[in-house]
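So, here's a batch of structures to check.
First chain A sits with chain B, and in the next complex the same chain sits with chain C.
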Partner chain A sequence: MTTLSSSVKPKATPSLRKRLRLDALGNWIFLLPGLFFFFGYMVYPILRVLWMSFTDYRYLSREPAQWVGLQNYVNAFADPLVYDGLSRAAQFTLMFLPGTIILPLLLAVLVDRVEHRTIATIYRVILLIPAVIPGPMVFVLWKWLYNFQIGPINYILVEVLHIFTPQTAPQWLGGTSLTLPAVAIFEVWWGLGYHTMFFLAGLAAIPKELYEAARIDGANEWKLLWHVTIPRLRPILAVLVVLRFGSAMAVIDEYLIFGGFNRASPTYTWTVYMYDLAFKIGDWLQGYAAAIGWIGAFSMMFVVAGLLYIFRPQDG
Partner chain B sequence: MTTTTQMNSHANDHRRRRRMGVIIRHVIINAFMLVILVPLAWVLLLSVKSIPDAYSGTLWPEVFDFSHYSFVLQKIDTLPRNLFNSVYVTAATVVITTVCAVLAGYALVHLDVPGQKYVVFLLVASLYFPVRVVSLISIFEIQRTLGLINTTSGLILPYVTLNLAISILIMRSIFEQVPHELIDAARIDGCGPWKTLWTVGVPLITNGLVVVIIVNFVTAWGEYLLAATLTNDQAVRTLPVVLAGAHGGMGQWAWPRIAAVYVIAITPGIVAFGFAQKLFFQGLMEGALKA
Partner chain C sequence: MARKDEEYLIQKDLYARLQRGQIDRRQFLTRMMGVGLGIAGVSTALAGCAAPTAPSAAPAASSGDAAPAAADAVAERPLTPTFYQWIEDLHPSIPAVNANFPGLNYQIAPVEGFGIERFVAEAKNSESTWDVYVGMTPFVEMTALIEAGVIEPWDDYIPQDVLDDLIPSIREECTVDGKLYSWPFLLDVVGMGWNAEMTEQAGIATIPSTWTEYLEAAKLIQSSGAALYGCTFDSHGWRSLVPYTHSMSPDVYTPEGLFDFTSEPAIAGLKLMKEMMALSHPDILLEGATDGGVNGTPDEVAFAARKVAYYTKYFNAPLRMAANWPDPSKLMMGGLPKFENGAGSTVFWTTGSCLFKHGKNKEKAAEYIKSLTYDMQIWQDSIAGTAVAHPGQLPPYQSIYDGWAASRPDWLPDFVGLITGQLPKARAITNHAFGLTQFQIAKPEWEKYLNGSEPDPMIAMQGAWDAVQAEIAKTKA
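Then we have the complex of A and B:
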């Protein structure tokens, strides 16, 4: 507004311009409530944790925290559990990410072609049901589905299909090598509908004439998918890959609910290690935990930058 | 003649193949729908099984037993309390976050706010950073300083931020669909920014409001990490923490009873979504997904 009025009327009276400037500052009131929470419970805590990571900070200590420079980081780089933690998180991400992108993409392509309006609506409603179930509730549900005693998955494998006996039945969430894939499966389940909706919104924006033209040129369905659909969905793909990479690397609730604090378990990732050090181990080494948190975050940012580069907008 | 019959049979062939394609497509889609629905059907069935049925593992109950619902609400001391805690924390979080998001989204699109570029940049950047995990240690410290550890109300403050950035960005993209001319016209008529927002803006953004409310409802209703870290006593805790800690045994926490608690816990979200479904989809398509 300021620039507009001054360019139209180059000789605006100073008092008017001043008033507009004051208005603009007054408009900040609209942002204040949101920014109060944003800075108070997001920006400040992150910076505070960064500061802690350079100190020997402990909640319970009466002494003020001492600045220790990079000591926590030096210790962390010599700590095999930090590497294990990061590598476990990365393994999980590799198991989870392809499924949670490719399956919804294929499903969206199929649902997008459904012409019957009522049926299409029913599909969409079912797709979004898991998305309105909170994450931790999903984890609790699957903890039971995988359960040894009452879980239907092992019941079907043992009693119905007779693939296993009760003695050999798989221990899904018991911290075995099956645990991370088992977690990845239900994470894909949870995101299936929501991600499909994402892609459906993208597909709705592709002009149908593009397909007609390509079909007349003799392209088959796979070629259409590869050369018409996927390039058009590129921006949505980029957002989903980066966001899901971020959530997969930083998974913590699931691991706390299933795995607990067994350091040998594949669910003991850097996030659980950080939590364990900060809140569970008697020493309460918050300074060290803070450093591990930042190392995890920094490694993630490194990959995110790479992903954003790969998915950078391309001309033409 | 021969050519026409050939063409006819060719067309028939084509049509038949198309119909096969449609059938196969629906079969595949329905397989996915089953995968989504079966786990939920299982827990629903578990909640109405008799206790012996539940432990025998059979999938279809031999005896339907609906008494678990009344049992858990009457006989588990803290459960009504936990339910109330969840309702209270969720309602407060949803109201505060939605108000913050509407005000900020409106200001970022329709008002002249110096420095708004930086605000948007920070909001987007926060989506890519593992905020929840990294900030936890400091949030514990803040709550301890404020004396809010082990209080239910204390959870509301950090809960507001869980979806704040995405909510503001959603509202921003919804407000971008509101024509500037409408807002300007109201202002020329002498409405201040507040009145303009209330009388012109809000009626036009109801779809986006539904999206923001549902997204925040779902997160706050099911939040686990902060609730488990910042509270200790069963009576202060919210439903998800209690459920996650429940190990099926005998007595109070027999499996069908936990399943009944579970169904009580997930039903509000699904019902709310069912009612708001149409508005929700319109909101998603109008730009929530593009935010």
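Then we have the complex of A and C:
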């Protein structure tokens, strides 16, 4: 038996090890494409921009970049446009974020209560229409709606309601104080259906018995929303708030399209300034622009950490 | 490029090296086999063996000829020009010119909003996908392209007769340190356009030649009810502040090439803008709807919607906007008005071609650009308009205007004569790394005077100057 068992063991062990090694190798092979893209498209660019932020890298210069240490950061902290830019982005976020969370939440609660399946589906489809319109069409549509001279909004305000005259009509876009609220309204509209779907998915996961039990205990609709629905939707709220906060602070295309490069415009935020420095002005100071980018990114990460703390799981 | 073309080029190059003695027959065959041309290599080598005497009969000459031949072989990709998209959109006759250059690899540039990053990136690797770029505006990006080592001068390739034919002010615009970096193509001049339907309704029979007359006519338009607004302009500095300043005096550039915002003519230009604003639509200072706010501007909307009578901008703008009118023939155009004591100048810029330093086919590129820029159908289409576009851009060559003066084509509108009359006095914005961006940086500052937050134009313009200097200091730092 001893002989037999000893003769079997050496045969079985290498084959198992070999198989395990092969399995592990196979796993790594399957991981390789993902790792390649992760390091090539995420890690390397981040490290490259980090390195650039410590140099005087100028894209149009033929001289090699020189290491300048923290100089770009020192300059950026003394640059009023950086503060103005971050402040303007924060203002937009404050206008955009409540609308993009509260409105879809309320809509989701209402749509969730529709019991007729066909009507509920119709509501969902209507809500999703803006989300499936291609971006350029959405921009063209809202530019036309907001147009000072020929837009329907001003037409109604001036010609139909006579609230304004052609001289006093609101100037929605192009860098006025109304531009940020106007962009926020457009963004909330665009994402309304998409965000509502998030909440509808969350609402579907809440057991109906909870509502029935609460009602038996005498809870009214407001209490149901506040004490049952919202606590149960916390994970979805956390995801949406964090994602939308990040995207709102880092908006650039809407600002370029609706506000241009006028530095006095409220849409000239830190992202536009960074782009302006990196691709338009002088020798294209990409080292300095990278430092501004990191300052913006760290500011956002700081707030995101706070948001994650606020929305941390509290059950148990 | 097709695989067969590549094989042919490699084959020619290796054969040229074999002939020059840079590689032996063994290396030649090995390399040919390495690129999958084994059989072709054998046949080429055999063909070379069959007639080796001709080159060796005159070794000095042959070695001299072989080098260009090899270079030609390497350079033998087809001529590859790349155009800015709008040029093709506005000038539908370009394909007809291309048809005269068989094998031309015509492309649309990967640029948006004057983006040149791809060109610079390639130059850093000492290479260029393209040979020539048609779409460069000197004051916008020429300095950057020179400083980044992307382009080289045309001087070694442009024929002398073409050089001599360029209108002197245009030649000056395209020249840096005595070298011609831009071969000008499309000339844009800032002038005046107006809606004749409105001026007739207001009883205006004369064309304003001074700014005083212009403002009076604009007031009359409003008071007569012929239009909601009298006049308009594009608030971007190079389209309003600069031409108005030039109409007083074009000598407003510092020795280093920056626009002197604090100069007297610039202050006069700013004051004129404020006077015009009183007769214009309230959104006149807002940014445009496209291209980062640069295009689709409120003035264009107002002129297209027939809300305003008088308009000053490069001629392409009123022509494009008037195409939306029920009767586009009501559009009239003329030279820019002037101050009573002013020089009567305006601003112009050309969109031209630049030669990539690391491109190829440079002689062919010159041949092609000459053919393109002298094509009379392009000019007729540009000035008289076609079913698809009416850019109103003019040629940069004196001989073309002389030809039209000697024998006027029936399609030539009057405004061309008015413009060319003003052209000798006109001036381009001086080339500088901040040529365009100085106006974007300074705009919020001078607009403080226009929107009333700063009553003193001099203080506003000093702010504009300081803002530009602060930005330049960042670059120098």
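Definition applied: the second predicted complex is superposed on the first by the 293 of 316 C-alpha atoms of A that agree within 3 Å, B and C clash if a C-alpha of one lies under 4 Å from a C-alpha of the other, contacts with A are read in each partner's own complex, and residues count from 1 in each chain.
Keep in mind that, in the parts below, a residue touches a chain if its C-beta (ideal position, glycine included) is under 8 Å from a C-beta of that chain, and two chains touch if they have at least 3 such contacts.
Bear in mind the structure is a predicted one, so any value in this text is a computation, not a measurement.
Peer 1: Name the chain, either chain B or chain C, that contacts more residues of chain A.
Peer 2: Of chain B and chain C, more residues of chain A lie in contact with B.
Peer 1: Touching A:Ser265, do we find chain B (first), chain C (second), both, or neither?
Peer 2: A:Ser265: touches chain C, not chain B.
Peer 1: With the two structures laid over each other on chain A, which partner does A:Asn75 touch: chain B (first), chain C (second), both, or neither?
Peer 2: A:Asn75 sits against chain C, while chain B stays out of touch.
Peer 1: Based on the superposed arrangement, let me know which partner A:Leu180 touches: chain B (first), chain C (second), both, or neither?
Peer 2: neither
Peer 1: Which partner chains sit in contact with A:Phe279 here, chain B, chain C, both or neither? Use first/second/both/neither.
Peer 2: both
Peer 1: Identify the partner contact of A:Ala24: answer first if only chain B is touched, second if only chain C is, both if each is, neither if none is.
Peer 2: In the superposed model, A:Ala24 contacts chain B only, not chain C.
Peer 1: Now for A:Gly246: first (chain B), second (chain C), both, or neither, which partner does it touch?
Peer 2: After superposing on A, A:Gly246 lies in contact with chain B but is clear of chain C.
Peer 1: In the overlaid three-chain picture, which partner chain does A:Leu256 touch, first (chain B) or second (chain C), both, or neither?
Peer 2: After superposing on A, A:Leu256 lies in contact with both chain B and chain C.
Peer 1: In the overlaid three-chain picture, which partner chain does A:Gln149 touch, first (chain B) or second (chain C), both, or neither?
Peer 2: Both: A:Gln149 reaches chain B and chain C.
Peer 1: Touching A:Arg62 in the superposition: chain B (first), chain C (second), both, neither?
Peer 2: Only chain C; A:Arg62 stays clear of chain B.
Peer 1: Using the superposition described at the top, list the residues of chain A that contact chain B and also contact chain C.
Peer 2: In the superposed arrangement, which is not itself an observed complex, chain A uses residues 59, 147, 149-150, 256-257, 279 for both chain B and chain C.
Peer 1: Looking at the complex, which residues from chain A come into contact with chain B?
Peer 2: 1-2, 20, 23-25, 27-28, 30-31, 33-35, 37-38, 40-46, 48-49, 52, 59, 107, 110-111, 113-114, 123-137, 139-142, 144-145, 147, 149-150, 152, 155, 159, 189, 192-193, 197-198, 201-202, 204, 236, 242-243, 246, 249-250, 252-253, 256-257, 271, 274-275, 278-279, 286, 289-290, 293-294, 296-297, 300-301, 304
Peer 1: Can you list the chain A residues touching chain C in their complex?
Peer 2: Listed in rising order, the residues are 58-62, 75, 143, 147-150, 166-169, 171, 173-176, 256-257, 259-265, 279-283, 285, 288.
Peer 1: List the residues on chain B that touch chain A in their complex, please.
Peer 2: Those residues of chain B that touch chain A are 25-26, 28-29, 32-33, 35-37, 39-40, 42-43, 46, 54-55, 57, 59, 96, 99-101, 103-104, 106-108, 111-114, 116, 119, 122-123, 126-142, 144, 157-158, 160-161, 164-165, 168, 193, 214, 218-219, 221-225, 228-229, 240, 243-244, 248, 255, 258-259, 262, 265-266, 269-270, 272-274, 277, 280-281, 284-285, 289-290.
Peer 1: What residues on chain C touch chain A, complex-wise?
Peer 2: 115, 117, 120, 144, 147-149, 228, 281-283, 286-290, 292-294, 298, 301-302, 305, 307, 433-434, 437, 440-441, 443-444, 447, 467, 471-472, 474-475, 477
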